[in-house]
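The following pair of complexes shares a single chain, chain A, combined with chain B in the former and chain C in the latter.
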Partner chain A sequence: MTDPVSAALGLGGYQPLVPALLLGVTALLVLLVDTIWPNEQSNTLLATVTIAGSLASLLVAGAQLFLSPEAATLFDGQLIVDGMSLFFTVIFTSVTALVALASHDYIAERPNQGEYYALVVLAATGMTLLASANSLVTAFVSLELASLPSYALVAYLKDNRGSAEGSLKYLLIGGLSSAVFLYGISLVYAVTGTLKLTEIATVLDAGIDGSLTGVLGIGIVMILGGVAFKTASVPFHFWAPEAYEGAPAPIAGFLSSASKAAGFVLAFRVFLTAFPTSAVAGVDWVLAFEVLALITMTLGTFAAATQEEVKRMLAYSSIAHAGYALIALGALTGAADRLLVGAGMLHLLVYGFMNTGAFLFIALAEQWGIGRRFEDFNGLAKEAPVACTAMSLFLVSLAGLPFGGGFVSKYFLLLGTVLSSSYLLAAALIVNSALSVYIYARVIKAMWIEDPVPGRTIEEYPTGLYAAVVVAAVVTVLLLPGLALFTDPAQLASNALF
Partner chain B sequence: MSNPWIAIGALGVVAVAIPLSMMAISSLLRPRVPEQGKTTTYESGEVPTGTPRIRFNIQYYMVALLFVIFDLETVLIFPWTVIYRDAVSTAGLTTVLVPMLVFIGVLVVGLAWAWRNGAVRWVRTPRRELTTKRES
Partner chain C sequence: MIAAKYYLLLSAAVFCIGLFGILTRRNALIFLMSIELMLNAANINLVAFSAQHGNLSGQVFSLFTMALAAAEVAVGIGIILVLYRNFDDVDVTTATTMRW
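The block that comes next holds the complex of A and B.
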């Protein structure tokens, strides 16, 4: 396990934690830079430190993922670094790097840049730890580390009413669902007498007193509530449209991609490790996830169809995509479990790039000050063809057409639902994807076919934002052949978790 | 039929019924003498001045927040100092000292940042500055 480099650094047994440690050190470095020059706009330096830190973490996590897939537990089993936590660390760090790159232009003229970058990296640290959490308490603490910076980041434009309102709603619903989640943890602890996920599974496998099944069921449902908040799934989704709309657009991308993936890694870890379906026969959480997935994707898609503003449409489409990813847990019948979980993970990976890219395009539009409604994007392709090509790619990939990685991950999800005979979910996936083609096509039609808005001139083409959008688009496209040819979702999931 | 939940449910019904019935009965029995003085916010003779929507000075909050962080730090350091000598003799100096130094270092970075960015600078309110100027 220990190689010469980490031995020389004195890391020893902590080597698997290097990605998370790198992110934490990056956050401290950002604060140090801001401490040394508090009154200067050191935007470029701060962004460079942030991007370098997250890319270093991405490289280490990627290398660990390819070189040593076997799991390592740390701190007496409180943390586990395995294929799944490294896979999600790759998602979090790439989104963080993209968002930091785009933010360099987005917040160039605004105050409090040190806080901004530090909070982004701290949230990413929390998500990385959440991916490695192997006990309910570690999961809760890292969930809070990921959430608290997010509340502040949504309110970053603090003179903007929408930003403050979105942040307040996010904070209130977040506080409520944290309390629900914590109460669920306490009930599960009351039944099983342990907080470690693997030990919970052992206790449940051995069988519990029949009169405690009700308490366990309530506990599991409450934990599910906490997960639903973080993934913006239906009963706890009310914060999402307001928070995404009010937040600075790069932060909206960060929250709807990385933060959502963090919610899913928590769901996968807790429900598959601690409450395997064979052990909790009395509590049918798969059915709960199936209902959640159905309602979430349908409500998200239909609400997106009625929106007049592009950013809000993307916010609802992000809710719909949470529904698609929930299929991974809602269709578990034992027939194609590994395929489903692997497909869910892949969907979140692709989503991390295509959805972040779409929100970064909105950031670009906000920089140009061209307005929020669909009509405001009319004819934009004549003035900004590169950005509009990238945005069109993101949208067709989000819709699931075969021009981007979104097609492959949706295909794997569909395959999983069919193999496990969850035909209702399969039908919902197809119908909602078909409807979403129409929703996304509205933006594409406005950009490419409609006549340009008269009197609009775009004066500057911010380099960082453009670079981030183009990188996200290139990765989205490359993931199509990459996933189709080189990945076996079942293999990925069994390396990761099973 | 001796389900204990029946007793708990009855207790809940009584608990809700008592305050509701007390309010209802007293509103039926009490004499009504409307008077202007009773509608004021504080019925203690104090006449309210100005609107309640004023901005409070947030500086106490910043100091309190910093206090909470270092309060928790103390909670962790105290047991550590108690076992320090024994732990060093069994586990070695680096294993015992380095993690605590890292922990304090992280907090020091945060404190230095807060200090440099003015979290503990005591800004006086404009009115207060006005009076001090007049005094001098």
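The block that comes next holds the complex of A and C.
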């Protein structure tokens, strides 16, 4: 699998890691640029480097995904680059590029731009490595590499109380859940004596001492807690509304799309590879995921329905979507497992664009300073028709109406639940989606039908933010027919896990 | 050799002390210290069972987690500093202005 380019670069066997390496090098390049010209406003150059780096990584990952998706293990099996890790790398790098493009306008007047971009790319590097983690060690290290920059990014608006508060809550719950996750890892290690996912599965398959099942069970539940934090699912979801609301809006989009997808790739990898249901008969984690999925999507939807502010509504809707994606693990009964995991991956792909786009629209609204409540968006479509059209597309796609990719991915999830006879999950998916149509329609109604807020004038139309919003909208719509392109890679990737 | 269950009991106790601290204290710095206790409880397990199983991966992993815990504290102290500048306090219950 060595091509001339990587041979010339001396990459040798590390060629599968090129997407992650590109992101890491980009982060260092950004810091280098910032070091060479520390006193000048090099915002445009920094954004260009960031976008170029993430797009290059996206291209390489996409090419590897479609051309040669066979799995490669590196570093004595600590990392694995296969269809699933490449699929998620495509999600992470696309979101990173969109966020960097939007941030160019958002942070133009603010200090510490170099650090901002570097932290975004470092977090993306961590997520990419997390997608490739094949042992609990690499999983934990890359989870922290993805989380630590995120804490700092939420606090980027240093003199803003909301930013400080959101970041504190994110840090405290993140620290707590990473400790819980690590303790779970240590218990699994205590039982199995190994940290590699495949070896854990082998040891468990061979059967463990019956008295150790309890320890193993506690360990698995604690690992599930770490996953729940990263995916912003119940019971570790408290941080999400605060952190998303307090964070700069592009960062909120980054966290709620890319970071959430990172949590799911961790869940897929760890639970399907290390704890296959056949090997851990005493510990029914599928049931735990089913309960979590039900509670998470219902709580997210109902909480979103009661919000007064659009950004906070989107934060809760992001929790609801974590619940939808959790169906992929909660409905595993053996009948349609591969379809379900593939559907979960597709949903996260579409979600990466539609949700990031929605938060970038909020970033636009924050740039205009029009306020955060639903009423503040009244009649906005008269002044900014393009942005409002894009936002409406994101919202109908989030609701699962057939105007965007969200429809297809939700359809696959529903199909999976029906095929695996998880009718409770299917019913919850339908009811919550129906209710979410009402929630999202409130924004659309405010933008298009209500009379404009008197005295509001929009003076500037920032190019980068607009471009990012429009690109996200176009991709969201194109994914309605275009998702077929990704179903094969997703299906192959999920087949490889069983 | 001490039986493995005593290590498990010790680490569970340390973990619970950390958890208790998180649930009852309001000072953000004590919060960080409590998280540190919980991480070290996991380290006790890793090292003890590394010896028990006769392989080194647990011990090496515990070195990694110590470095990561330090990194987490570095970011955490920075955020607590930002908190103090905004709220003139490091009490985690004063930061409840999430309506702006």
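Going forward, the second predicted complex is superposed on the first by the 485 of 498 C-alpha atoms of A that agree within 3 Å, B and C clash if a C-alpha of one lies under 4 Å from a C-alpha of the other, contacts with A are read in each partner's own complex, and residues count from 1 in each chain.
The definition used in the following text is that contacts are C-beta pairs under 8 Å (C-beta built on N, C-alpha and C of every residue); 3 or more make two chains touch, one makes a residue touch a chain.
Here the structure is a predicted model, which is why all the values come from computation and not from measurement.
Shared-chain residue A:38: touches chain B; no touch with chain C.
When the shared chain is aligned, no partner comes close enough to touch A:365: not chain B, not chain C.
When the shared chain is aligned, chain C comes close enough to touch A:175, but chain B does not. Of the two partner chains placed by the overlay, neither chain B nor chain C lies in contact with A:261.
In the superposed model, A:28 makes contact with chain B only, not with chain C.
When the shared chain is aligned, no partner comes close enough to touch A:398: not chain B, not chain C. Contacts of A:148 after superposition on the shared chain: chain C is touched, whereas chain B is not. Of the two partners chain B and chain C, it is C that touches the larger number of chain A residues.
Overlap of the chain B and chain C contact sets on chain A: empty, with no shared residue.
Here chain B touches chain A in the complex through residues 94, 106, 109-110, 112-113, 116-118, going by the rule given at the top. Remark: chain A residues 10, 28, 31-32, 34-36, 38, 114 touch chain B in the complex.
Chain C meets chain A in the complex at residues 4, 8, 11, 15, 18, 22, 28, 31-32, 35, 38-39, 41-43, 45-46, 48-50, 52-53, 55, 57-58, 60-61, 64-65, 68, 71-72, 75-76, 78-80, 82-83, 85-87, 92, 95-98, 100.
Contacts from chain A toward chain C in the complex involve residues 136-137, 140-141, 144, 148, 151-152, 155, 158-169, 171-172, 175-176, 178-180, 182-183, 185-187, 189-190, 193-195, 215, 241-242, 245-246.
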